[in-house]
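What follows is chain A paired twice: with chain B in the first complex and chain C in the second.
On to the complex of A and B.
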């Protein structure tokens, strides 16, 4: 295809991506180096006829607004936002390490810094939910494959629901059931006879229920992909494995799993990308007291009364760096494969 | 696997498998059934501390309204809190996003599938990286420029942004779909004297609909399910369904009108339910197409 025709075809799509994905990334980087203006203060002398004069410091709101209008980005801050307490907290960490009473204490104190708290949950969510959901999806795929044909359709139908559902809606539906007043929450309270037992009160329970939501909503995707993969397992290989005396488990271990391995890489990649942006369940479960994520931090900076663009920008840049680190193995592999093909 | 194999399974294993699947189907489906049922009750029944039998039989619903089912939640959400407006906005946004993404995506995906140049590969890799960006990081880049340009808060802005966010995925999916259409088809048309555009229009468009429908379903889902972008980019008057539901949570819970939110959540689930009912095959094939080729 000639270059000219190629670009004629792809131009609209390319323009959309450059304008609304590439430029915003640049804009986020620029924003992260600026910080909001501090308010303009003026010293006002207040003189009363008999009391003499008092000096008072006031906020000059007109001047503040004018400054804001003139420089909407705020003032230049360099890497200041990255290093402050809300982000990488370099000074705080140095202090924690020098004064801590052992490893556990240091970790606990670092966990209390907002950025690291969010990072911890995001990573745990990514690396716990992804393998669990894949294992569950694989088990369901094996199970559904063994079912009679008539029940397969309805089973797939119901299995798709948790995946297709709007994340915020899905997490609300689960949250209302796990709530102390909801069916599951109330039942658990009855069983343990403990009326104070509540999802929101305990960080461990909050994390557990968020992870449960993650597995619930991610498992169907692995199930569908693995189920489709199972249909392509070569019958001959299975049969010869049986003739060689392989048990059921050995057939799964040595024939089916190797056959599905490339699919598993794909599923793991997609789910890691999606789970890294975990955000809606935290809003749906109102879990921000016990669990936050990187995306939630950005949302929180942007949705307050005063929008902290600098802070949101810095968190965004750090998140994007995280995404690139996460994608690195794939990018390197694709690059190598492409070079081999060219040579 | 053959039928004879399936029959040889021992009874214990078959029971175990059946139990696992039944358990999974219950875990997957019960929350939806429960919420749909509960949305027709009053709050003290659906959120009953005493016993969940109240929610099943509607004990307090009967006492308060004189019937075991009530549409009060739906009336409150749709009429009092004007949820219908959000539904209309969602319809506009999702339809526009799907149509525009597919138009741009088919052209781009076709070009990528037929080019074979080095830059086509780089565009695909860039699209993969863009696909992985959390949407909220992009949103924090939009806000300030959009405020400056005075285009914040209106539907067209959100539509264009969602189209752009959707492009990487659409390009990948349609790229791999067009790869599966034999090159000879359009090339023979070009040998017969068609230009590339004419070949695309006369030969490719008639055969591309299965791939376009599948990709369209996922574009629709992305626009429909989005919360990060629409909640930050739309003003309160122009909200779509999902941010509207989120706004119910802040204001409604104190007023003791959680049932409005429950009714709105159920209303937002219904279209997805219908979608899966009619397009189950396309959704499954779309999920696996990406997997087998990508």
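On to the complex of A and C.
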């Protein structure tokens, strides 16, 4: 397709993308460079039902409103928010490296910083869940493809269930099941004969449950795409492989997998992006003590009595940067293939 | 069952207030739009305000747990989406910070004849909110279990609670006699605030946003919180206040600090086994480290009137709310809350909150930067309470996180 036709085709969605994706991102980037004005504080008398009247600090709302009116975005802070302790923590890391008592100590202290703690879980989730979910989805697709026609429909429906269930509800269901009184929690305690064993108490087991949930909920997407791909595998190639005496495994390894490789790139791309934004299972599993993610940090900034838009904006921009870094290898490859085709 | 109960309660409210329904709220004209949190006591009030519906007078209510996220944007626009915002010690602060609510002195003079002086929340001499109920976390204990473990004296301090927990565990009666809402997030931070208030310490240096919890009081608070976890279910990190009532009703816990507003539900004969109901005792929150004030924050719930609305709507809203919290409405619903309204006689579920208040417990701080501290506590104490960090490191982390947020928020 000539570039011009391609452009004409893509124009409507391009406009929508600029309006609903690009512009909001620009606004988030701008917001991340600002922090709140310094509030004008005054001490006033404050009376309430308990303890009577006391002198307490209040925000002088009129004076603060005047400041706000002058500069509605707040105070310009440049990259200050990005570098502070809540985000990249540059000063803290410098200090940790210069005073640490060895590699292990440095890692432990860096892990104590909120951003790096969240990043660690986010990356582990991405790189464990994506390949496992793809492998599981592929296995299900192969299995379903070999089924007799009559049971195919219901099997596909049940295989898709994890994707149909709302993520928050799905994670709550699993969370209740691993409760020590729930079916999985009680069974595990029985197997290991340890009444204090709890999947929700230990950090390692919490991570394991979250990763398990991630694979469970992400597998159906890979399954659907791979199952569709399997329908396009050329029958004569498979037949000739059979005539040549290839076993089922050899047919999968040398015919089906190479045929589905481009699809796998696509699935990996989408899944990596999705998993980098992991959020619902952390809330559903009440796992905040042991696992946080970048999206959870954003949520946390915006859900207190005082909302920190600059901080949330900076974390969002860092998340976008993270997604771009993650996808870089795949994007570079797609770009090269695209260029090759055009030439 | 719960649903049925709710229906019964609201039906009885309707019936009881039916006679008043024709009693005029005295509103000439106007629109009343209420935003509130979602719990029993507030629903009682909202149901009562429906009596004021008449020709030219509309009353709508939105009771939602998301009220805190809605209130600032909804009251910022002009005219405001809601005319009444029901608030508590902490949630009034964002409204004050942005100047979104109006002084009520005129309206109180005109329509506030039923109000008691301690219901008026005055800031800088101006009445900004009307409180109608109090709340706090306080001690729930099972007298049968304590008796079985040979504890004669009811626990009044955290030291007593820990000693009793040890006795119960050693006697083999319960493995996990204690419970607390230690779930990282709002609950865990509230637990710290409660305990710290009991030490008599202040959170901030006087007159500034400088944090002042990194001291002996902070250490003592964390030490007690940690000591308690030794007697808790290993899943204590996932327990919030609602979960506490479930383990209480299941008879798995002997002592816990729980919200007064959930006391009624914890001994509701319709849902809880009779032996647990009859053996549950409510008492003041425990004291800490030889102190005399109960270690719990006192909360009030009240209402405010939006600034960006017409005076007519403001007047109508105030009148409707005065009807909603009238002594008649409260007298018909004595068990829904610990009311601050005239003529209220406390029911059995209110004794804990009243004992805590009478013991001189302090109110949850209303400083504009308290919310930032609460958020910092809610994330940074998680590792400490999970046992992965010592108290000194935890307090240093809280300070670092708070300082970062307070700088971004323009307070430091």
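One rule holds in what follows: the second predicted complex is superposed on the first by the 267 of 343 C-alpha atoms of A that agree within 3 Å, B and C clash if a C-alpha of one lies under 4 Å from a C-alpha of the other, contacts with A are read in each partner's own complex, and residues count from 1 in each chain.
By our rule, contacts are C-beta pairs under 8 Å (C-beta built on N, C-alpha and C of every residue); 3 or more make two chains touch, one makes a residue touch a chain.
Computed from a predicted structure; not experimentally measured.
Within the superposed three-chain model, A:331 lies in touch with chain B and out of touch with chain C [touch as defined at top]. Of the two partner chains, neither chain B nor chain C is touched by A:193.
Taking chain A as the reference, the larger set of touched residues comes from B, when chain B and chain C are compared.
In the superposed pair of complexes, A:169 makes contact with chain B only, with no contact to chain C. Once chain A of one complex is fitted onto chain A of the other, the partner contacts of A:201 are limited to chain C, with no touch recorded for chain B. When the shared chain is aligned, no partner comes close enough to touch A:339: not chain B, not chain C. Of the two partner chains placed by superposition, chain B and chain C are both touched by A:303. Residue contacts after overlaying the shared chain place A:180 against chain B and chain C alike.
With both structures placed on the common chain, the touch criterion links A:98 to neither chain B nor chain C. Counting contacts as defined above, chain A residues 179-180, 286, 303 meet chain B in one complex and chain C in the other. Listed in rising order, the residues of chain B touching chain A in the complex are 1-2, 5-6, 9, 13-14, 17-18, 20-21, 24-25, 27-29, 31-32, 34-35, 38, 46-52, 55, 103-105, 107-108, 110-112, 114-118, 120-121, 123, 125-145, 147-148, 160-161, 163-165, 167-168, 171, 196-197, 200, 221, 224-225, 227-228, 231-232, 242, 245-246, 249, 258, 261-262, 265, 268-269, 272-273, 275-277, 280, 283-284, 287-288, 290-292, 294.
Residues 35-39, 41, 43-51, 53, 56-59, 61-62, 64-65, 74-75, 77, 81, 84-86, 92, 112, 114, 179-180, 195-196, 198, 200-201, 203, 286, 288-290, 292, 300, 303-306, 308, 310-311 of chain A are the ones touching chain C in the complex. Only residues 68-69, 89-91, 93-94, 96-99, 118-125, 131, 134, 175, 183-185, 204, 207-209, 233-238, 240, 298, 300, 340, 357, 361-363, 365-372, 374-375, 379-380, 382-383, 385-386, 388-389, 393, 397, 400-401, 403-405, 407-411 of chain C touch chain A when the two sit together in their complex. Those residues of chain A that touch chain B in the complex are listed here as 1, 3, 5-10, 12-14, 16-17, 19-28, 31, 72-73, 136, 139-140, 142-147, 153, 155-162, 164-169, 172-174, 176-177, 179-183, 186-187, 216, 220-221, 224-225, 228-229, 233, 235, 238, 248, 263, 266-267, 270, 273, 276-277, 279-280, 283, 286, 294-295, 298-299, 301-303, 307, 309, 312-313, 315-316, 319-320, 323-324, 326-327, 330-331, 334-335, 338, 342.
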